[in-house]
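My structure is below; once you've seen it, I'll send some questions.
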Amino acid sequence: MATQSLVDIRTFSPKFQHLYATLKDFVENDCMPAEKVFEAQLGQGENRWKVVPPIMEELKTKARSLGLWNLFLTKEYPEGAGLSNLEYALMAEVMGRSLHIASEACNCSAPDTGNMEVFAKYGTPAQKEKWLKPLLDGKIRSAFAMTEKKVASSDATNIETSIQRVGNEYVINGLKWWISGAGDPRCAVYLVMGKSDPKNKEKHRQQSLIIVPADTPGITVVRPMTVFGYDDAPEGHCEILFKDVRVPVENMVLGEGRGFEVIQGRLGPGRIHHCMRCIGVAERALDLLLARVTDPSRRTFGKLLAEHGTVVADIAKSRMDIDQARFLVLNAAKRIDEVKAKGAMKEIGMAKAVVPTMLLTVLDRAMQAHGAGGVSQDFILARSYAQARTLRYADGPDEVHIAQIGKVELRRAAEVTKSLEKQRERSYALITGKAKL
Amino acid sequence: MATQSLVDIRTFSPKFQHLYATLKDFVENDCMPAEKVFEAQLGQGENRWKVVPPIMEELKTKARSLGLWNLFLTKEYPEGAGLSNLEYALMAEVMGRSLHIASEACNCSAPDTGNMEVFAKYGTPAQKEKWLKPLLDGKIRSAFAMTEKKVASSDATNIETSIQRVGNEYVINGLKWWISGAGDPRCAVYLVMGKSDPKNKEKHRQQSLIIVPADTPGITVVRPMTVFGYDDAPEGHCEILFKDVRVPVENMVLGEGRGFEVIQGRLGPGRIHHCMRCIGVAERALDLLLARVTDPSRRTFGKLLAEHGTVVADIAKSRMDIDQARFLVLNAAKRIDEVKAKGAMKEIGMAKAVVPTMLLTVLDRAMQAHGAGGVSQDFILARSYAQARTLRYADGPDEVHIAQIGKVELRRAAEVTKSLEKQRERSYALITGKAKL
Amino acid sequence: MATQSLVDIRTFSPKFQHLYATLKDFVENDCMPAEKVFEAQLGQGENRWKVVPPIMEELKTKARSLGLWNLFLTKEYPEGAGLSNLEYALMAEVMGRSLHIASEACNCSAPDTGNMEVFAKYGTPAQKEKWLKPLLDGKIRSAFAMTEKKVASSDATNIETSIQRVGNEYVINGLKWWISGAGDPRCAVYLVMGKSDPKNKEKHRQQSLIIVPADTPGITVVRPMTVFGYDDAPEGHCEILFKDVRVPVENMVLGEGRGFEVIQGRLGPGRIHHCMRCIGVAERALDLLLARVTDPSRRTFGKLLAEHGTVVADIAKSRMDIDQARFLVLNAAKRIDEVKAKGAMKEIGMAKAVVPTMLLTVLDRAMQAHGAGGVSQDFILARSYAQARTLRYADGPDEVHIAQIGKVELRRAAEVTKSLEKQRERSYALITGKAKL
Amino acid sequence: MATQSLVDIRTFSPKFQHLYATLKDFVENDCMPAEKVFEAQLGQGENRWKVVPPIMEELKTKARSLGLWNLFLTKEYPEGAGLSNLEYALMAEVMGRSLHIASEACNCSAPDTGNMEVFAKYGTPAQKEKWLKPLLDGKIRSAFAMTEKKVASSDATNIETSIQRVGNEYVINGLKWWISGAGDPRCAVYLVMGKSDPKNKEKHRQQSLIIVPADTPGITVVRPMTVFGYDDAPEGHCEILFKDVRVPVENMVLGEGRGFEVIQGRLGPGRIHHCMRCIGVAERALDLLLARVTDPSRRTFGKLLAEHGTVVADIAKSRMDIDQARFLVLNAAKRIDEVKAKGAMKEIGMAKAVVPTMLLTVLDRAMQAHGAGGVSQDFILARSYAQARTLRYADGPDEVHIAQIGKVELRRAAEVTKSLEKQRERSYALITGKAKL
C-alpha cells in the first residue's frame, strides 16, 4: 500500500506490523512466483478436476508455519488470528496481489471463509467438530449452494430448492448452479439453501440452510460453468442437481426457517473481503502497467508508451481511483469493528458498489497498454478482469447496493427539508429586520 | 437494423434487397441455431485443433447455394459478389448477429477476407491459381503472420522477423504470435511479414510480405494463446516459431520491400468489416437484454427487471449508442465507395475508435442484466465481449486512431484561426462604424 | 458541416445549395461579427430590457433580402420557405454557429417559431391576421407561457393556472416563470396554457391554450430569471403573474380543452430545432478549441497545447461525438419528412436525449483549453454552456426522453423472446438430428 | 459530515470539537440564512462595486466573538487559531456549505488567506505591521495579481509583467486579468508577480513578487470579468492595467528573483483549502437534491422524483463520490501535517484533480432534479457550478496535476520491473525444481 496518512501502518501494533511484513514477503516471494507453477501443475482435460497442484499444499504449510493462517477470523472468533477487520482489510489487500494463490495459501479464500464463519457462529459442537475443524486446518474445502438456475436468486426469496423433513431426515431436491469450489476433489461439504416451509407467510422464514456432505447419494455435478472462458479448475463453479438427497436432521443449521438469518450474518464481512482483495489486484495491475509502459522494447513511433500523455493520464487516474476506493473499504472495515457488519451496511454497500467497477477500469487500462498480451494467459489481467466482473452481481448486483445506499440517504430528506425551511424563515426575518444575527 | 431514414434499405436495388432478406433469413434460421451445434461438435482436449465441426461445412454449402458467398469482395473485384461497401456494411451487420458462425459460413471471415484481398490485388497469376482459388472456394483457410511477441508490433516498423534471400529461396526466421486461424487443420498458407532489408534508410521499405505454405519444414506451432479464457478452437490464435523456413522466391508478394504497401492496402476495408459486424453483435446483445428483463421468471423484489428505471435507461442508452455508431460505420463505408479506403482514412478511423468501445458497453449492460448467466457459456455475451475487447488494439490501438483523427482535425486550425481573425476585424469595424452589414 | 457521405449537400437541389451557401456566408461574415456589436449596443441596468440593439433589425433586413427568412416553416406551411425538415436541419446547424444572433436574424428563433407554427396550424383567420402576420414579418415577438413555479410542470397535467369563462371573456389567474422572450419590448403576445376544466376526468382535456396580448391589464412581470448568471436580455426568461387577466373568448386556440393537443403538435419539430442548432454550436466550439491549442502565444512548458496527447484526444473525441450526434439529428429530421413528427417520436427523443449532453461535453473541453478566458464574456463558450444546459430539462428532461425510448424498445421484447425460443428449438433439433439445415 | 470511521471527530480534542460544533451552528443558523440578505443588500449597476452588504461585517463581528477567526492559519503560525491542517480541513468543509458567505465571515477566504500566509511567512516586520495586521483583523482585503491576459500563465514562467528597479523604486508595467477581489472597495493591496530579471538563465529566478498598494497611481481597473454570467461583486475578478506604477524598494517580498519560491510556498495549502470547501458545497448540493426529490408538490406522472430508480441512483452515486473525494482531501491535509505541503505534493495534486470534477458532477445531478430552478438565482447550484468550474484550471489545470501524479507514479517503474523480473526467475526456478519455497 502506498503511504496513506489516514491509515498509517506505522501506528499499528508491533505484532501486526510484523505479521503484515511477513505476509508481504510471503506473497511477493512465494505466492506470486507460484502462480505459473500452479498453472503448470494443473491437470489437462478431465484431470483439471482431479489434480490439486501440489504447490498449493506446500504454500499452505509454509503460510501456517509463518502464522499466516485463518486471518479472516477476526477478534470475536476464538479460532482466528485475532485481527480487527481494519487489520484484516490491510492483509487482504496484500493477499489480493496474488489473487488466485495467496488467499487459499493462507486458508482465507471464499467460499470457505464464509462457511467457516457460519459454522463458528451458528454450528452445534458436533457440526463444528466434524466440519469446522478440518476446514480450519485446511484439510477439506467446502461450497455454498444458494444460486439457482431457473430463478432470479439475487432475490433470495425466489429460491425453489425444497428441503423437506421426512422422519429423521431432510430430503433435498433442486437445481443449483455457480456453486464455487464444488469441482475441487477436496470439497467435502455443501451448505445448501432451500425452502423448508414455502407456505410460511413471512417470506424470510421459509428458508433453511442445511449441511450436505459432498458424497451424499443423489448429488450430480452436471457441468462446470465458465467465466469468460475460464473454468477456474480445480475449484470450478458447478451446476449441481440434488435429487432426493437425504441427510440427518442434525445437519440443519441453527434451526428450520432460519436460513435467511444465517446468510445475512454470513454476507457482511464476506462482501468486504472481496473488496479488500480487489484493491490489491488493482495495485498489481497498476504495477504491471508501469512496467509495461517503461519497457524499452515496447517503443512505438519512437517513444516509450510512458511518454504519451494519455498513458500518463491513465496511470494518474488509476492511482486516484485506487486510493479513493481503498479509503471506502478501510472505512467500512473500521466501521464493522465499531458497530458490527449490520450497523455498517451502508459503508459496506458503498465499498461493494464502487470497488469492482474501479478494479475493472484499472485492469482495462493495464490491458490496453499490454495489447494482445493483456488479454492472454501470459498476464493475470484478463483472468482478474473476468473474476472482478462477477463481483458486480455476486452477493447482490451493483444496482441493488446502489438502490439501498440511495434509500439510506433519502432517510435524511425530512430533516434536511426542515432545516432548509428554518433557514428560509430566518433569512426572511433578517431581511425584514425581524431578527438579528 | 431498425429503420433508419438516412440509409433506407427500401431505396436499394431489388437485387440487393433480395440478397439482404435471404441473408437475414439464413442467419436467423440457420446460423444462430447452429451455434450450439458447433460447440457440441467441437473436439475435446487435443481434438479441439483437429476437428472442424461438420455443421460448418454444411452451412457453407447452403450459403453458397443461396448466393451468400464472398460478399466481402466488393465491386472492384471480378471474383466477388458485386456489392458496394455500403451494401456490404449492411450485410456484415446481419452476419455479425451470429458472429462466430455466419461470417465463416458465407466465406467472409477474417483473416481469410484480407488475405484474399491481398491475393486478388497483388498476386501473380500463379499465386492466384494456387491460393486465391481454393480460398474463394472455401476449400482451405489462411493466416496472416504479422504480430511479434518481443516488440510493439502495433508500430509495424518494429517487426524483427527476417526474410533473407539465399539463392532462389527466401529463408525466414522469427517468432510470431496471435496468428489467428493458424490452429485450424484447414489452414494451408500463411502470409508472413518480415524484414528483407533491415538497413534500408526508408523505414517503410525494409519489409516484405511472403507466402509460406503451412506445411513448410521449420514451422513450429508453439501454443495457442487465449483471449480471456477462450482459445477460439479450431482456428485459434497461435504462437509460431519460424526457424530457417525456406520458400521459393516466387512466393514474394508484389516485390521485395513492398510489404508495407501491401498491408496498407489490406487494412482499410478490413478494419471496417469488424465494425460492421460489431453493430450486429450489439443489436443481438440488446435483443438478449430485452428478452431477459421481461422474462417473468426473473422477477426480483416483486418487479420484472424491465420495471426498474435504471434498466429502462440502460436499454435506451444502448439503442442510442448503437444507432449513433452505426451511422459512423455506414458513413465510412459509403465514403470508401466514393473515394476508396485511402481517402476515407478519417471516417474509417472514427468508426474503428468508436464502435468496439460502444459494443463493449452494450454487452456489459446485457451481461449485468443476465447475472452469472451473462458471463457463462450459456449466452454469447462474454465470448463476444472477449472478442470485441481485442478490437480495441487489433489493427491499431484506439489511442493511435484517436491521435490520428485529432491530427486530421488540427489541419483545419490555420484556416479557422484566419477566419476568427477576420471576424474580429469585421466586428471591430462594425462597432466603430467603419463597416456596414 | 464536415463532408458527410450519408448526407451530401452536393446531392441536394441547386436551389437549396444556393440558399445554404448564402446562409453560411451571412452567418460567417455578418452574424458572427455582429455578436460583439449586439453586446456593445445592449443597454445597462434597466435599459437592458428596453433597448433592442439596432444591429439586430439591420441583420433581419439583410437576411430577408437574401431570402433567409422563416426557413423553419417547412413545406407543409404555405407561409414558409418550402424547405424539408432535413434541409432545415442543415440550415439550423449553420445558424447555430452564431446561436445568439443568426436565428433571430432569420426570424427562426424560439419561442416565436413554435408560436408561429401554432398560429399557422390552429389559428382562426382573425388570429392569423392579427398575430401570425406580424410575427412572420418580424414586427413583433411572442412568448409561450407554460412553466409554473409551484409545480413540476414538466408533467403538463400539473399546471394550475386557471382559465375561466365569464360571459364573453376568459379570466386568467396564475403564476408562470421562465417565460422566455417576455422581457423583450417587442413581445406583443403570450400563448398561455392553463386549466379551463380542472375537473374533467380525462386528464388531457382539462387544459386550454389562450392568446393574451402582452399589454392586457393584470399582467405583472415579476422579475427576470437568470440562467447561470445570464439574464439573456432583452428577451429574458421572466416570472409573470396573471391576476384576473381578461381576454375575449375569440382568443381561445382551437377550442376549450384542446390545449394538450396544441402543445403536442407544437413540440415535435421545436425539439429538433434546438438539436440542429446545437450541432452548429458544437462545431464552433471545436473551431475555437483548434484555434486556441495552436495559438503560439499559449505555449506551456515549451509546448503548444496541441502537442499534448490528451488535448489531441479531446479534439478527436469531440469530432466523433459531434458527427455521431449530427447523424441522429439528421435522421430524425428526415424521418419527420417521411412520417411527420408524431411518427418520429423515438428518433426525435433520441436526438433530444443525446445532443445537449454531447454539446456540453464539447463545450467543456473547449473551455478547459481556454482556461479562465473560457468561462468569461470574451468567448461564446460559457454562455453557450449555460444555454445548452437548459436543454437537458426544457421540453422534457433527459430522464423522460430516455424512459420513453426505453419503453419503445421494450415493445420489441415479446417478438425477440419468441424468436429466441424458436432458435433454441431448432438448435436442439439440429443437435439431435431431428432437423436439417 | 456523515460519520466517517477513519476520521472520527469524536476522537479529536474537546477544544476542537467545541469549535467545530460552534462553526456548524454559525454556518447553519447565521451564514446560510444570510446569503439572501447579502444579495438583497448588494448594490445595483455601478454600486455593485461600491457597496459591501452590511450583513457581512456583522457576520464577521459575530464570528470573531465566537473564536471562528483566521482558522486557516495553522499551528506553525503564531497569528492563527492553532489548528492542524486536518482540523482545518474539517472546518473548511463546514464553511464550504455556505461558500459565498462563511469563509469571508471567518476571515478565511481566498485570496486573503494565501496573501496572509505570504506576509506571515516572508514579510518583513514593517510589511507585517502595515498589511498583515489589518488583514488579520479583517479591516482590509487584498488581491494576488499573477494571471496575464496575453500568455498562458498557468506556466508561470510565461509571465511578462515587468518589475524594473529605478533608483529606490520598482516600476511595474503589465496587463493582468482575473485578479480576484480587486473590485472590492475594501481591497487595499495587491501582491504582483512579474519579471525583475527576464534574462536570468535560471527560468525560475526571473520573477519577483512585489507589494502594490491599490491606490498607487498608474493602476487602471479595466473591467470585471464574468464567470459564466456572474461578476461576483463586490469582489470581482478584474482586468487591471499597470502603467508605470511605482512602489518603494521596501515593497519587494523576500528579495528580487525569489517570486517563484514565494508562490510555491503559497500554493500548497491554498489548493487544498478550495478542495475542503468543495466537499461542503457538494454536501449541500446533495441536501438540496434530497429535499427536492421528496417535495410532494413536485410529483411527475404520479410519482415523487425520489421514487424514480435513476434518481435514487443519482443520490447514491453522489454519496459515494463525495465520501471518496473527502478521504483524498483529509488524507492530503493529514499528510501536510506530517511532512509539510512540499512533501505532500502528490496527495495535494490528487485532491485537486479529483474534487472539483466530483463537485461539478454532484451539482449537475442536483441541478437536473431542480429543472429550471436549478440553473437560476433561486438556488446556490448554478453559481456554485460556475465557481467550481474555475477550479479545474485555477492553481494549475487538471491536466497539469494529472500529468504530475502520473510522473510521480512512474518513478516506481524501475523498482516494479526489477521485482517482476525477480518473480519470473523464482517462478522458473520453482517449476524446474531449482528452488524451493
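So that you can tell them apart, the chains are marked A, B, C and D in the order they are listed, and the count of residues begins at 1 in each.
The criterion applied here is as follows: a contact is a pair of C-beta atoms (placed from the backbone, for glycine too) under 8 Å apart; a residue touches a chain by one contact, two chains touch by 3 or more.
Just so it is clear, the model here is predicted, and its values are computed rather than measured.
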Other chains in touch with both chain B and chain C: A, D
Pair with more cross-chain C-beta pairs in contact, given A-C and C-D: C-D
Cα-centroid distance, chain C relative to chain D, in whole angstrom: 37
Where chain A and chain D are represented by their mean Cα positions, the distance between them in whole Å: 40
Averaged-CA centre spacing for the pair chain C and chain A, given as whole angstrom: 50
Chain D residues counted as touching two or more neighbouring chains: 308-311, 313, 399, 402
Partner chain C, residues of chain D touching it in the complex: 44-45, 147, 150-152, 154-155, 158, 177-178, 225-231, 237, 297-301, 305, 308, 310-311, 367-368, 371-372, 374-378, 382-383, 385-386, 389-390, 392-394, 397-400, 402
Chain B-touching residues of chain D, taken from the complex the two chains share: 308-311, 313
Complex contacts: residues of chain A adjacent to chain D: 4-7, 28-30, 32-37, 40, 55, 58-59, 62, 286-288, 290-291, 293-295, 306, 309, 311-320, 323-325, 327-328, 330-332, 334-335, 337-338, 347, 350, 353-354, 399, 401-407, 409-410, 412-414, 416-417, 419-420, 423-424, 426-427, 429-431, 437
